[in-house]
Every structure is written in structure tokens, then in C-alpha cells.
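One structure, as C-alpha cells, below. Some questions next.
Labels run A, B, C and D following the written order; every chain starts at residue 1.
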Amino acid sequence: MTTDLERLAERLREFARVRDWEQFHTPKNLTMALAGEVGELVAEFQWLTAEESAKPDPEALARIRTELGDVTLYLIRLADVLGVDLVEVAQAKLDDNDRRYDADRYRGSARKAPPSS
Amino acid sequence: MTTDLERLAERLREFARVRDWEQFHTPKNLTMALAGEVGELVAEFQWLTAEESAKPDPEALARIRTELGDVTLYLIRLADVLGVDLVEVAQAKLDDNDRRYDADRYRGSARKAPPSS
Amino acid sequence: MTTDLERLAERLREFARVRDWEQFHTPKNLTMALAGEVGELVAEFQWLTAEESAKPDPEALARIRTELGDVTLYLIRLADVLGVDLVEVAQAKLDDNDRRYDADRYRGSARKAPPSS
Amino acid sequence: MTTDLERLAERLREFARVRDWEQFHTPKNLTMALAGEVGELVAEFQWLTAEESAKPDPEALARIRTELGDVTLYLIRLADVLGVDLVEVAQAKLDDNDRRYDADRYRGSARKAPPSS
């Protein structure tokens, strides 16, 4: 994992340790926490058009940044308790997508070929 | 953003560009894609006990790694199209949580003090 | 709860009982299962425009119907194990929304006034 | 659809009409709203043990009831704009699960046989 992500993982480990919250940080619970935060992120975009979503107003963007921070923290913590390197699994998945979605064949039809399904 | 994350963001940009998928990669759509992948991750843990979730069997772990890869890719891509630095917002949120959740006061009671709500 | 929902709740109770699955049907687990199914529903719509989402093609509609069935079943089962009457809580929430969102004041601005936030 | 659900669907139709919110109620947007509400429900249970989740304290239960109301309303509204009968698709899915999960074969092993995957 990259140095920045490692440092965040370490800070989160310490954050949980000093509060005696490790008991709550099972993969099951952390996945739920991640889902809850992603739900808040979805709610930010639910009534926006595609175009509006690309240019959220300043207050919305501030909330979105906070939610992205929450999502990132729970994702890092979840990967850490599972012993998974996020950069490694993301690279592996992207390598796989590169092979699976031939550029010529899938050009302009993302709808039928979601990057990761 | 860290070098590894930047490199992944760049690969994803190129991945979308050569397939003419940029048109589909609005923040609204990418947030939905992220939510869909997190849903698959939640499904991996739904029937497991807390203890079982900490030690998934090899096949489950392989699927979880793939889902974590998908989640990470969509999160990086979403942040990239919004111009948000994930490490920066995660650090800011963790600084905030450090101030908000006094270690002595919240010790052992994560349930009443989720790290990010 | 209405007769149809009651009948489904009862069928689900029996379904769980004969398979000895009641042990897995805690509110925590059922909420995760619900989230997983909603994730699949979100995935159906992620690359569609607003207009396309209103007229899914026949195969997509068939999958959407299946997902809506899954979501409905888990929602009924979750409410049942919690002893909650879905029609009652939905009516109460709608009464509340009626009071909260004055028709004249919120006309045409759903984005700032989501029905339920 | 049952009378109670039909009545709620009709009330929601009127609720949207008088506020000129029909323009926002595309299946895509309503699915996101549903996902956002389910995220709030998941958050209620994230730090609870399985046992605690079965007996939420009174304040938690009040919030859970409100979230279940929100989820039910968005699910009914989504099905209505898509022209889907929730009771019909739920029954069809349960019939299917009854065939798929033989009681003797799957007894006590829900984890390997989620009712709806």
C-alpha cells in the first residue's frame, strides 16, 4: 500500500486502539459503516441531473468532500483489518478490466459494459 | 494524492477515454456504481457472524478482494472527476474525528460514537 | 399491515422456520441483505440517463422486477422480526412529510426538499 | 397491489403532483433515494451485535421505524413510476426461492444459500 494510505491506516489503528474501539471494528461492522457513508454520498446526488452533479454548488461540494473522507477512512480501515492492500487489489482489478473490455468492441457503450460487473 | 492513487486515477482516465466512456462517468453515475459495488461487499458479510467476518474462507476472501478492488477504483474515479484529493479529505476528516471523539470520554462505547457520523 | 403483506410475512416466517434460518435472520443481518439487494437495483440504473431509466428495455425490466421482489421480501421480513407494521410507519412518515413540505413553498424544488430527509 | 399499498401509492402520486416533483421522480433518482434511506437504516445497526439488533432501545427503535417508513415510501413510489406491482413480484420471487432452496438440503446453512442471490 502507498505511504499515504499506510499512514492513514496506522492513524486509524491508533485511533481505534486508544478508544478501545477495536472490538467494534470487525469486517462485518466496518462494511456496514462503509455502506452507511456511501448512502449519504448517494443522497447528495439523488435529485441532481447528470450535469448538475458535475458542478455541485460550494455547500454541496463541502458536504461531498466530507462524505468522501468518511468513505475513504472506512475503506482503509476495513482493508486494514482484513489485511488487504487496496492499491494492489485495485491494480489487479483494473488489469482485469483492461483485458475484459476491449476498447474497440466496447467503445461508447458503457451501459452494457460496466467497468466492473 | 499519493503517487499510487494518482497513477490509478490516471489509468482510469485513460481507460475511460479510449472507450469513450467519459460521457457515462458523471459524479451521479459513478456514485451509483460505487453504491452497487459496496452492496456486493455487504452481501459477502451478511450471513457471517462478527467472528466469521474476521476470518473469511479463501474463496470468500478472493471475492472480497475483488469487491474491494472495484470499490477502490470507483472511489478514485469519482474523486478524480470531482477534483477531490482523497488523501487530503480523509486526513481532514480524521483530524476532525480526533478532536471530536475524546479518547477518555468515548472509550469502549463506539456504538454511541461512530467515528464519522 | 395489509392482508397481502401479512400473508407474505407469514410465508417468509415459515420459509425461514423450515430451513432453520431464523438464527440468521437478525435485524442486523436482514438490513445487510436489504442493502445488498438495493445495491443490485442501483446497479441496474447506474449507466442509464434519467429518460432511459423510465423506459428500461424488456430484459432490464425483468431483472428490475426480480430485484424489486427481493427488496420487498427482505423489507417485509426485517419489519416482521422487529415487530414493525410497514403500512403504519409509511403512513406516519407521509403524514409528517405532508406537514413538513408545504406545497406552495416547495413547488418545483425537490432537490432542496427531499421528501424524507 | 393490496389496497393499503395502492392507497399509499396514490397519496405519493398526489404528493409529487401538487409540489411539481414528478420531474425529479425518475426511476434512477428514486432508486438513489431508496439507497440513501437504506444507508441510514444500515447505520442504525452497524455497531450493534446481532443480539442487540433484535432489541433496539426505544430511541433507536423510533429512528428505525422512521427509516423503515422512508424506505417503504420510496420503494412504493419507485414501483409505481415503473408500473410494477410489489406484491406480485415479491410473491413470484418467494415462489422461486421455495423451489430453489430445498428445505432438507439447505437446513441450517443460510450463509451458503442466501434467500435471494
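Things worth noting here:
Here is the rule we go by: contacts are C-beta pairs under 8 Å (C-beta built on N, C-alpha and C of every residue); 3 or more make two chains touch, one makes a residue touch a chain.
None of the values given here were measured: they were computed from a predicted structure.
Shared numbers divided by all numbers used gives the overlap of an interface; between subunit A and subunit C this overlap exceeds half, so the copies present the same residues.
For B-C, the equivalent interface within B-D, C-D or A-D is the one where over half of the contact pairs agree by residue number, namely A-D. Taking each chain's centre as the average of its CA atoms, subunit A and subunit B sit 2 Å apart. Rounded to whole angstrom, the centroid-to-centroid distance between subunit A and subunit D, based on C-alpha atoms, equals 24 Å. Chain contacts: subunit B has residues 24, 28-29, 31-33, 35, 37-39, 42-43, 45-50, 110-111, 114 touching two or more partner chains. Taken as a contact graph, with one node per protein chain and an edge wherever two chains touch, the assembly is complete, since every chain touches every other chain.
Remark: subunit A residues 28, 31-32, 35, 42-43, 46-50, 110-111, 114, 117 touch subunit C in the complex.
Only residues 24, 29, 32-33, 35-40, 42-43, 45-47 of subunit C touch subunit B when the two sit together in their complex. Residues 1-5, 8, 11-12, 15, 18-21, 23-29, 31-35, 37-39, 41-42, 44-45, 48-51, 53-54, 56, 61, 64-66, 68-76, 78-79, 81-82, 84, 86-87, 89-94, 97-98, 101, 103, 106-108, 110-111, 114-116 of subunit B are the ones touching subunit A in the complex.
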